[in-house]
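The same chain A turns up in both complexes below, where it pairs with chain B and then with chain C.
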Partner chain A sequence: MEIKILYKVKQTAKRLLPFGLLTVLPILSACDHIDENDRLIYVEPVVQNDSTLTDSTKTITSTLRTVLLEDFTGQMCVNCPKGTEVIKQLQDDYAERLVAVGIHGGPLGFKGNATTIGLATDLGDKYYDSWQLEYQPVGLIDRHGAVNYTDWVTEVRKEMAKTSSISMELEATLNDNQITIITKATSLEGTYDGQLQLWVLEDSITATQKRHDPIDNDNVTISDKNYLHNHVLRCAVNGSWGESIHLNTNDPIVKTYPLTVDAAWEASHLSIVAFLYNNSGVEQAIKTKVKE
Partner chain B sequence: MIATVTAQEAGYGFAFTDKAGNAYSTNTITCNQAEDDGFGIVVPSGLYIKNVDANEGTTVAIQANIIKMDNGKVQLCFPVNCVSYSNTGEQQMTEKTAIEKGEVKNLQTEWLPEAEGACTVIYTATVFSGITKKGTIAITVNYQYGTTGISATTVNHMKPQATFDLSGRRLTIGKRGLSIVRMADGTVRKIVK
Partner chain C sequence: MKRIILSAIALCSLLTAQGQQDVIISGSVQSDMLLSTQNEDNKQNESGDFMSNTYLDVMLQSQYIDAGARMEYMEHPLPGFDNDFKGWGLPHFWVKGKLNKADMTLGTFYEQFGSGFILRCYEERSLGIDNSLLGGRLMVKPMNGVTLKVLSGKQRHYWKWDGGLVSGADAEVSLDEWIDGLQRHGTRLSLGASWVNKYEKDEDIFVNKDHRLNLPKFVNAWDVRTNLNHGPWGVLVEYAQKTQDPSFDNNYSYDNGHVAMLSGSYSKKGLSILVQAKRSENMSFRSKRSQLGTPLFINHLPAFTLDHTYTLAALYPYATQLADGEWAYQGEVGYNFKRKTLLGGKYGMNIKVNYSYVRAIQRAWFKWGSDTYYQDLNVQMSRRLTSDVKLNLMYMNQRYNKTVIEGDGGMIHSNIFVADALFQLASSTKLRTELQYLTTRQDEHDWAFALAELSLAPHWMITASDLWNHGDTKTHYYQGQLTYNIDSHRIQLGYGRTRAGFNCSGGVCRFVPATRGFTLSYNYNF
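What follows is the complex of A and B.
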């Protein structure tokens, strides 16, 4: 009986709090049968990709931030696998809270020859040049400037501590060599002006990589023909810098994109990344596997 | 005033060495052993730096000054990042790094020629005690590829030179199925792909 009463009190308080009826609190706090640990403390709601965004009883103004790490890498860059090791560590710790993208390009990127598959693209070169990067591996974490891979863990943690006012959803379905991508962006509080960018990534590509053997031994360098490359940027879906987007509070924008699978890609290894950014950096990111 | 000593002297506790940690006996070395690493022709320097007897708290940074480069680019991966230089002149100094006493660290620097020619780079190691520069040591590397003819390109003996089918007809290298492959060292192998 006491449990039922406690449950009802909590539910009532949850409904009433967002509507500003805080005058009820003194009454509730007067209930001496509520344990000290169960007393209501107002905590700002934090949800991620919450399907209950339309629930009118909740006022959600922020959500967890998914961090975008753009890893500028290259097959000829012997130290770049060290950056990949850091990404693996971050993915083990944060799973889907981190979206890592391997951008092959720059002077140590390789576009291929008669015997060796190249993963670098003109798009990768364009990003490397536009961000005026000078060495590899180097990362952009939510596009707040170049970060050496030795500092990625610290900087990703800092960025993850921030919330975001944007919620995103993403779906990608493969049908007859055609991917249909649907993305939804919602501003939970205030307006947002920025760019919506969508990219195609591919995992599990076997291609030669210069690296140390083992990776932490700087004095032995090999060309590893069996190196497995993950989260490799293949192309931009909606232009190199995405497209302009304006969001009003709780007024979602849904966009749909068709995309033909390139003959060089393995469809079952593809993912789609979507993110929103402006001059203040990346506000929110999301990644989904392409469903067959 | 920062003094500069030749590489053969263990200046300020550091020396340029080979992989085994033997300091070079001159302050100029020639590198002409080209190899194909799968990405193209590379002329490695085989240049290492050793902490001979520098005290704890001492760090070192490397700076490349490209005096001449007929073509291609110079790559340097020290201590944690890789940079590629496609122009002559003095390049930006790398980050500082500490090296344990007795440890040898690869500069991972090489010339990536696009054609026959030569490239000359002066590598300077600046030794720091805290934030104070103690001094520098320098070594000149003369990279050569091709026409200078000091040494022919090192052939990767495991690289396929020609592929044939079972009837002896020449095939495209890398073709799938059972094929006879003649390696660069003249040996012949049966390969199924």
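What follows is the complex of A and C.
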């Protein structure tokens, strides 16, 4: 009898062995539990390695990089205001070293009708299609490929850590409904071949935007007629893809462009963005308010 | 280079298998093609006018070794897939060694633990889903009623394997194989337990300019379940949990994930009853934490809603809210009224009533959240009217929270009516017709659908259909198809247009373009 019971116990133990092994396996693997107070790691802010600022005795070969963030957005895109919130945070962190551009277009863009202002443009559609973007919101950061908005903080920071061999200056003056734009680009080291692109942006446009209410509540969407749109791309000054430029070391190129203010724009809210790019991405960018 | 290496591995696998005696070779070809005559948005498709998704599967089986490979050609893919879907190559190649109580697979493989709460690797070609693992899997049956699996690998991400390492183990024990009493009473009782671990290296995800997330490199998930069947009764209980897994899907939350399910069924001749309940929370589990869209899911939670096949009933399909979580309930009763009874009539009648309800959750386990995600009450009746005519009728009342499921659109409340009749015109000629109507005050308002399908056995089938939105856009989405079957070959030629839409998940929306053009599908099994 005892032998029989012992045999049964042995058999049962043998059969339950797989479960025993299964219990042990998770113990063998590391288990990370991160307490609430340990979820953020402090990292030194990006060191701004600018030879123009740090050493005036040596030849200047690089300068601070201003990062271009192209935000592909749309008034019908309920999630796009989440991207705008990230941009606000980045602008607080980096101020003028970040140039954000809201490119309205793509399938969720809205071009307007008789009663509602639309901010999407054919130019925005063209960029959206050319970059083969698949969803909105999505961004290009110095034109290094599509970046999801939750990764903008990380990718902008990486770009901020880089210097640039190009310095740029930009002026825009309004006179009699005509803007005169003067841009100057200088290569601090080596030659540079790329495209010079100039855009017109407008801030403080009140227009409809679909969004969550509040923005982080995905279960409720509203059509917000009083949404304030900033840094909206209005047009390209020198063609959709800019114009070719060749820079030699310390041989600045200055270009001047006239631009007539469109009747739909509010001149006091306009800015001009200039940037240099090639197949390696955007090398330098600059933004200035249009001065009256 | 990678493709050459992979091809070489696959070839070696095949040759190894061929070395065995009595090798059985089998396989299949599937090719779906679209010749676009006009893009509905007047935009040139990135893939040009001709698009195709083509799959070629080959498998060799022998006594001790099986091997297989699949070639896929999506260099000009059909519209509606991610950009990364484009490409061609040999993404599947495997060799499996078999002994009496064990088998081991090296290469790519699919697997599911339990209901798939913590691991489900599968393929769904129409959605572009293929999350197979590349690695190794060992399955052992050490004794009667016990199955043990251990695996490790990296998931397929279209044409690369760039997610974290997924490892796991699963044990399934059928107690009725051991306990005589259970067997004597016709009772089947099984216990199962699984564990899955994801290893993903650290990465920089900054929340502001000087703080980054402290990310867990290991995420563990485990699952326990029991399944009891006695006579007509069946009960399945399953629970799974996942450790901290901050990801894009859950907005980088450090909360644990949970899912619990209770399913009961009763099935006796003429009567079937199903009752299910499930609560899930933060169970989006991918092998790449920053991934969005459909790729790299390690797990899958089944939707507790009826998977409709009628076009208008499937116009607003529910998708499980993995990250947000949900309470989901489903009940179904089917009854077969016997022939020559008052309700059954001369040929009998089947009635099926299905109800499903999905709702938001709260932190407290048994409390509902405020939003209804989905509700579906449908009644289906199937009855033969004469020896040559069979009729299926369906009424469906649906509430679909488009904002939650697709990102925008509010609650859509619709009523759907379906009449499906099958006429036996001659011994080898059948005509099936469908008339469907969906009425709603929301979204694109009312839709109508009509279909006629003429089968001329054994080779031919002619189908014509029109999906018509007459509530808003007044657009017709018509399709005509001619199908020819011979032996194991099936070829289908069609012309039609499809509607555009948005595929929204996880906080972003992807546009699926409308198309118009000729379609050609070819299937062959050998």
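Side notes on the structure shown:
Following the convention adopted for this analysis, the second predicted complex is superposed on the first by the 234 of 292 C-alpha atoms of A that agree within 3 Å, B and C clash if a C-alpha of one lies under 4 Å from a C-alpha of the other, contacts with A are read in each partner's own complex, and residues count from 1 in each chain.
Just so it is clear, contacts are C-beta pairs under 8 Å (C-beta built on N, C-alpha and C of every residue); 3 or more make two chains touch, one makes a residue touch a chain.
What you are looking at is a predicted structure, and each value in this text was computed from that prediction instead of being measured.
By the touch criterion defined above, A:V78 lies against chain B and chain C together after alignment on the C-alpha atoms of chain A. In the superposed pair of complexes, A:N113 makes contact with chain B only, with no contact to chain C. Using the contact criterion defined above for the overlaid structures, shared-chain residue A:L270 touches neither chain B nor chain C, since it reaches no partner.
Legend: residue contacts after superposition of the two complexes on their common chain; A:T208 is shown touching chain B, with no touch to chain C. When the two complexes are superposed, the chain touching more residues of chain A, out of chain B and chain C, is C.
Touch criterion met: A:Q89 reaches chain C, while chain B stays clear of it. By the touch criterion defined above, A:V237 lies against neither chain B nor chain C after alignment on the C-alpha atoms of chain A. Once chain A of one complex is fitted onto chain A of the other, the partner contacts of A:T150 extend to both chain B and chain C. When both complexes are overlaid on chain A, the residue A:Q132 reaches chain C alone and has no touch with chain B. Once both structures are placed on chain A, chain A residues 76-79, 82, 106-108, 134-138, 148, 150, 210, 218-219, 221 are touched by chain B and, in the other complex, by chain C. Taken together, the chain B residues at the contact with chain A in this complex read 19, 37-40, 48, 73, 75, 77, 79-84, 86, 92, 104-106, 108, 173-174.
Partner chain C is touched in their complex by these residues of chain A: 11-12, 14-19, 21-22, 25-26, 29-34, 36, 38-46, 76-79, 82, 89, 93-94, 106-108, 129, 132, 134-138, 148, 150-151, 153-154, 157-158, 210, 216, 218-221.
Put simply, chain A touches chain B in their complex at residues 74-80, 82, 106-108, 110, 113, 115-116, 134-138, 148-150, 208, 210, 218-219, 221, 223, 225.
Chain C contributes residues 43, 46, 82-83, 142-143, 145-146, 148, 167, 169-171, 173, 178, 191, 193-195, 197, 204-214, 216-220, 222, 243-244, 248, 251-252, 254, 290, 292-293, 324, 360, 371, 401, 403-404, 407-410, 502, 507-511 to its touches with chain A in the complex.
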